[in-house]
Amino acid sequence: MTTKPEKPAVVKEPSMLKQKAMIARNYDKLTSAPETGKKVVSTYVPGNLNELIMCFDMLNNLPEINAIQNGLRKQSGNMIREAEKMGHSEDVCSYVKADIGAMARGAIAPNGKPMPPPDLLLLSYTGCFTFLKWFELLRDEWGCETVMLQVPYDGDGKVTDNMRDYVVKQLKEEVIPAMERISGVKFDIDRLRENLKHSAAAEDDFVWVLQSAMNKPSPIDAYFGGVFYIGPIFTAFRGTEDAVDYYKLLRQEIEERIAQGKGPITPEGEMGEEKYRLVVEGPPNWTHFRDFWKMFYDEGAVVVASTYTKVGGVFDFGFRHDPENPLESLADYCLGCYTNRNLPDRVAMIENYMEAYQADGLLINSIKSCNSFSAGQLLMMREIERRTGKPAAFIETDLVDPRYFSAANIRTRLESYFQMIEQKRRPAGAPTPVAA
Amino acid sequence: MASPKTTEAIVAHCEALFGDLDFTAARRWKDAEPGRKVIGYMPIYVPREIIHAGGMLPLGILGGGDNIEVIHGDAYYQSYICRIPRSTIELAITKRLDFVDGMLFPAICDVIRNLSGMWKLMRPEAYVRYFDVPQNFRDDLGGEYYINELRELIAGLEGVAGRKIPDDDIRRSIAVYNDNRRLVQRVYELRAKTPWKAPTSEVYLLLRAGMVLPVEDHSRLLEDYLATCEARDRPMRDNCRIVLQGTFCEQPPLSLIKAIELSGCYIVDDDFMLVTRWLLDDVAVDGDPIANLSRAFLHASAATAAKYEPDPAQKGAFLIETVRKRAAEGVIFASPSFCDPALLDRPMLAKALSRENIPYISFKYAENSGQMQPIREQAGTFADSIKLWSEA
Amino acid sequence: MRCFIGIDLGSTTTKAVLLDEDGGMLGRGITNSRSNYQTATTVAKLEAMISARLTLFSRALAQDGTGIADVGAFMAEIERHFRLEQFLDQLDDLERTGAAVIDGERFAGREDAAREALGLIFDRLRGEAPAIYAPGAERKSDFFRDIAGSRYMHIAEDVAKEAGVAFDMLLNIYDKSIIGVENRPPAGAMGERFKRAIDRVLGETSRKLDREALDAAMKSAFGIDIEEANIVGTGYGRVTLPFPKEQIRSEILCHGLGAHVLYPKTRTVLDIGGQDTKAIQIDKDGIVENFQMNDRCAAGCGRYLGYIADEMNIGVHELGPLAMKATKSVRINSTCTVFAGAELRDRLALGEKREDILAGLHRAIILRAMSIISRSGGIENEFTWTGGVANNEAAVKALRILVKENYGDVTINIDPASIYTGALGAATFALREANAKGAQA
C-alpha cells in the first residue's frame, strides 16, 4: 500500500514523490540496521504502535507491506508456491505464505539489500487470528523474541473498560518492558506524547482528504488512490513530522483539484467523467492492481469511500490519538481498527458512507485470504441493500496470490453492475411496448 | 431418563442423538418445565458450568454434518470458507435452532468470530455473545481480564435465565462438571488401553451425546459405557496407534472416523470436542468459583491452534506429550478445508514431531466429505509404514 | 421496415434475434462461434435474416388468399426444403473448394485420382441429402460442418477403398476446405433458394396450391426492405464484438430482459450454462435488480454433467433419462468437478445403482443453483429457467421439487428456446434505446 505500481504513473504529484522518498529512506534504515545497530520491530498494520516503537529508537517493519510490495512487483506468486512446497496449505492467507516464501529465498527489501531479521515481534493481533499464527511461524523461523499484545475484539460493538484496561496493562507490563530491554532505551512518556501530537495533526488532514470524496465530482479515488493516501499514516510514519507534512501537502493538492472541479488522477492521467460513485468493502488485489483499477476508471467509476482505508485505524468518526491520555489512546486506537469491529458496526459504517458520500452502490471485493474481512460479507451486502435500497455487487479476488484473479470473470461482473446502475436510473430503462 | 444397559444400546442411543438435526432431546428438556432456557455454544470452549448454574442447558452446536442439504447457508459464504458456519446458518434458517435462547461464539478464528456478528444481525432478539478468552496467562493480567469477561457473561446469562446466578450454584455446577470431566478422561484412558474394546467411532458418539444432553444424563451414560465396555469381548487387531489432530472445530463425518479405523489405525487420542477436556484437571470447588475457572483456564488447559503459546520451546509439546502418554506411534493431521488455525498451526506441530521422530501424515476433510477411498488409502499406507518401520 | 438486432456471442454458439418495430419476433439464427467472431456474427445474422424472410412469407401467406389453412405446417415444409437447398449449395461450394485444394497442392501425380474420388464422394453426398432433410429425419446438428463432415468421413472411407486412394488424402482435402466454406455465407441469392424450395414442395405435396398466389406472397415478403435500425451485442465474446461500446450490453442485463420479454411476470431468472450459473432478479420492466454468479469454482455448472457423462462413458443427453429411472436419490455432497469421477466410483463401489447416483447428482447440481438463487435474494414470484441444462428432464424434476420445498408454489417457466434469451434481450435493448432516442428527438 505504500508503493507505486511498477510502471511509473503519468502524473507524479509532489505528495507522491515525497511519500516515495519517505519509503525509500525507511527501507534504507531497515536494511542498514546491522551497521547502525538500530533494533527492528515487526508488527502489523492494524494495531500498529508506531508512536511507541519510535520512543525506543527502534525501526518498524510491517510484513503485510512487504507482501504487498512483492505482490505489486508480481513476485508473490513464486513466493507463495515456495511456501506451499514447504508444507503450507493452499487454503491459508497468501500474505503469510508470501512472507514465509520470501524469507526462504533470503528476504530482499525493495532497495535490493537483504532485510535484517527482526529483533522483536510485536504480536498485536488486532482484528485477525491469522496474525497470531503468522508470528508464531516467524518466531519459529527467526527464533527472535516475541511479545504479545492481545487486543480484545469488539464483539458487542462497544469498547468496555475491561478491554481498555487489559490493553493498557499489557502495554505497561509486557510490551514496554520488552522494548526497553531489547532497545536499551528507557521509556519516556513525554516522548510518546510528542509523537501522538504529530499523529493527531496528521490524522486531521488525513480525514479531510478522505472526506474530500463527498464532493461531486470526487477529487480522489478513495480505494485505488486511497491505498496510497493511507501509506504514511498506517505504517512506519504515523507520529512523525514527515507524515504531518505529507498530509498537509496532499491536502493542498486536493484543495486545488476541488477548486478546478477535477476528478481523481489515475495511472493514465486525469480521469474522465464521473459516472458511478461507489463504496467498496474489502482489501484490493495487489497482483493485478492496475488492471483492476483500470476496469473502474475506464467505465467512469469512482470509489468515494472504502473500508480498507480504515484497516489501520478508523479516524473519520472522531477518534484521534490523544497526548493527554497516551496509553489509553493507543488502546482505543487498536480496539477501534476496522476489522476489530463486529459485523453490525461494519454494516452501520458502510451504510453511513453510502448516504454521506451519495454513493450509487456498494461493491464488495471479497478476498480469499482474509476471513476476518470476508466471512459474513454476503450478509453485510444484503443488509446494505435492504437498508439503502441501492444495488450491491460481489466479486472475488485475493491479496497477493495471482492464481485467484480472473480478469474476464471480474470484468463481466463489474460491467453488469455498472450497466445495472445505469439502467436503473435512466429513462431508457423504462419499458417501451413490447409484444412478446 | 432410563439409560440403556448394553454397549450396543448405549451407542445406538448416542447415534440417534447425533443424527437428530432437530435437537429433539434438547427441545424436550426445554419443554418439560416452563421457563427453561437453552444456550447454544460453538467450539472450542465455553465455561458450561455457568450456564448450568443458571438452570439452563448448554447445547453444543457443531454444524450440520453430512446429512443436511445446505442451500441457504451457502448463500452466506464464499466457496473458500469452511463448512461449519454455513451448515450452522442452514440449521438456523430452517428453524432447527429456533428454541435456542442464546448463543456463545468462542474466540477460535475469524469465521466463528464473524458468525457472532451475523447472528446479531439475523437474530436481534437472541442473546449473542462473542466469548473472548485471554492469550496472556498471568493471573494478574490475562486472568484479571478473563474474570471480568466471565462476570459480564454471567450478567448476560442472568438476563436470559431471568434470575441471579449465585456463586454457590456455580460451585455446585463446577463439581458436576468435574465428575463429567473425570468420566470422559476415564473413557479416553480405557480407549488408549484397549482401543479394540472402545473404538473411536463409539467414543466419538458418546462425546457427541454430551453436546445435547444435560450433563448429569451424559455422565450416567459415560458410567454405563465404562461398565459395559470393559466386559466386552472383542478381538484385538494388529493396528497401529495414532493421535488424531485438527478436528477441534468442524467435525469430520462419522464415516471418516470409521475409515481411519478400518484402514488399520487405532485412534488413541484426538482433539474432538475439546470443551469436554479443555480443563485438564478438576476445577477447585472451594473459594471464588470465577477465579477458580480462570486459574484452570490459564494454567491447566489444553493446547490448541487457537491458543497462543508464549514459550517457543513449548510449541508442540502438548501434542508430543499426548503421543507419549498414549503410547501412540504416529499422528494423523486431519484438518477441515479452509480451517485457518488448524492449517497454519500444522507446519509448526509437524516440525516438532519431526524433531522427536514421530511420523505423521496430513489430509483435509469437510463435514460432508463423501469420498473415503483416498482417506482409507492414506491412513492404510501410514499404518503399514509404521508397522514396517517398527519391525525394522 | 426497421428492424432491431440482438447478437449474443457465446463461447460455443452465436445467436442473432431480429425484432420488428412492435417488438415482434421476426427471425432468429444460430451458428457455432468458431475462432472468428466477426464471421460468427455475420452468419448468425444471415440465419436470422432467413428466418425473418420465412416469417414475412408466412405473414404474407396468412393475408393473401392462397387457400392454405395450416400455414405453420406448410412453412415447416418450406423451411425443410430451404435448408436442403442451402445444404446443397454449400456442398457445391465445398466441392469447388476441395477441387481448388487439389489444384493448389502437391499431389504428385495423384491429382486425377483425387479429383475422381472427390467427385464420387460429392455425388453420393448430394444423393443422400434429401434423406437427411426428409420429414421427421433427425439431425444431430443443424450446422453444415457437423452434418457434412460426418457424412463426408463415412463416404470417403468407402470411396478410398473402392477407388484405391489414400483416405488420409481425402481427409486432408476436407480439412483444408471446410474452414473456408464454413466461414463464408452460403453463396447464391436467398430468394432463389426459396423459389427452389417452393418448387420442391409443389413437387412432392398433395396440397392443392396456387403457384401464382405463392409467387405473389413471396414477392411481397422479399420486396420488403429490412433496415437494420439498431443493433446491440452481448455475450462472452462481447469485447471483440465488431461494434462500438455503446451498443454492447452485459450478458446478465440481456438475459434478464430477454426472460422478461418471454415471460413478462418473471422476477427471478436462473441460467445454468456450461461454464457458469447465474441467478438474476429483475423488476417489472425486466431491469436487473440483483445478480449472482457461481464463484471461481465451476461446481454445479453444465460442465459437471459433461464430466459425469465422460466418466460413465455415455452421452450427456442420456444422463437425464437414465436418472429418471431412479427409485431413490443417493445423497451426493460434492459437486466438485475434480472429484466427480472419484465420488461416482466410490458410490458404485458401495453398491449404489447408477440411476440412483445420477438422480443424486442432478439434485446436487440444482442444490448449487438454489444456493446462488438464495444468494441473489431467493424466489418471490414467477421464476424462469434458461440454459442448456434446462433440457435435462432429471434436472427439471429436481428443480421443481427444490423450488417448491424452499419457496412454495411459484410459477416456473422452462423455455425450450431459452438459448436465444440473451440475444432477445439484446434486441429488446436495441429497440428500447432507439425508441428512447426517438422520444427525445
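When the chains are written out, they are named A, B and C in that same order, and each has its own residue count from 1.
Going forward, a contact is a pair of C-beta atoms (placed from the backbone, for glycine too) under 8 Å apart; a residue touches a chain by one contact, two chains touch by 3 or more.
Note that this is a predicted model, so its numbers are computed, not measured.
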Chain centre (avg CA) closest to assembly CA average -> A
Interface with most residue-pair contacts lies between A-B
Averaging C-alpha coordinates per chain, one finds the centres of chain A and chain C separated by a number of Å equal to 48
Rounded to the nearest Å, the gap between Cα centres of chain B and chain C is 55
When centres are defined as mean Cα positions, the distance from chain A to chain B in whole Å is 36
Listed in rising order, chain A residues that touch 2 or more other chains are 378, 396
Where chain C touches two or more other chains simultaneously, the residues are 295-296, 375
Chain B touches at least 2 other chains through residues 75-76, 78
In the complex, the residues of chain C that touch chain A are 22-24, 239, 249-253, 261-262, 264, 285-293, 295-296, 375, 377, 428, 431-433, 435-436
Residue positions on chain B within touch of chain C in the complex are 66-67, 69-76, 78-79, 366, 368-374
In the complex, chain A touches chain C at residues 378, 382, 385, 391-394, 396, 404, 406, 409, 411-413, 415-416, 419-420, 423-424, 427-436
Counting only contacts in the complex, chain A reaches chain B at residues 86-89, 91-93, 96, 123, 125, 128-130, 132-134, 136-137, 139-140, 143, 146, 148, 150, 152-153, 155-156, 160, 162-163, 165-166, 169-170, 173-174, 342-347, 366, 368, 371-372, 374-379, 383, 396
Chain C residues touching chain B in their complex are 295-297, 299, 331-334, 339, 342-343, 345-347, 349, 367-368, 370-372, 374-375, 402, 406
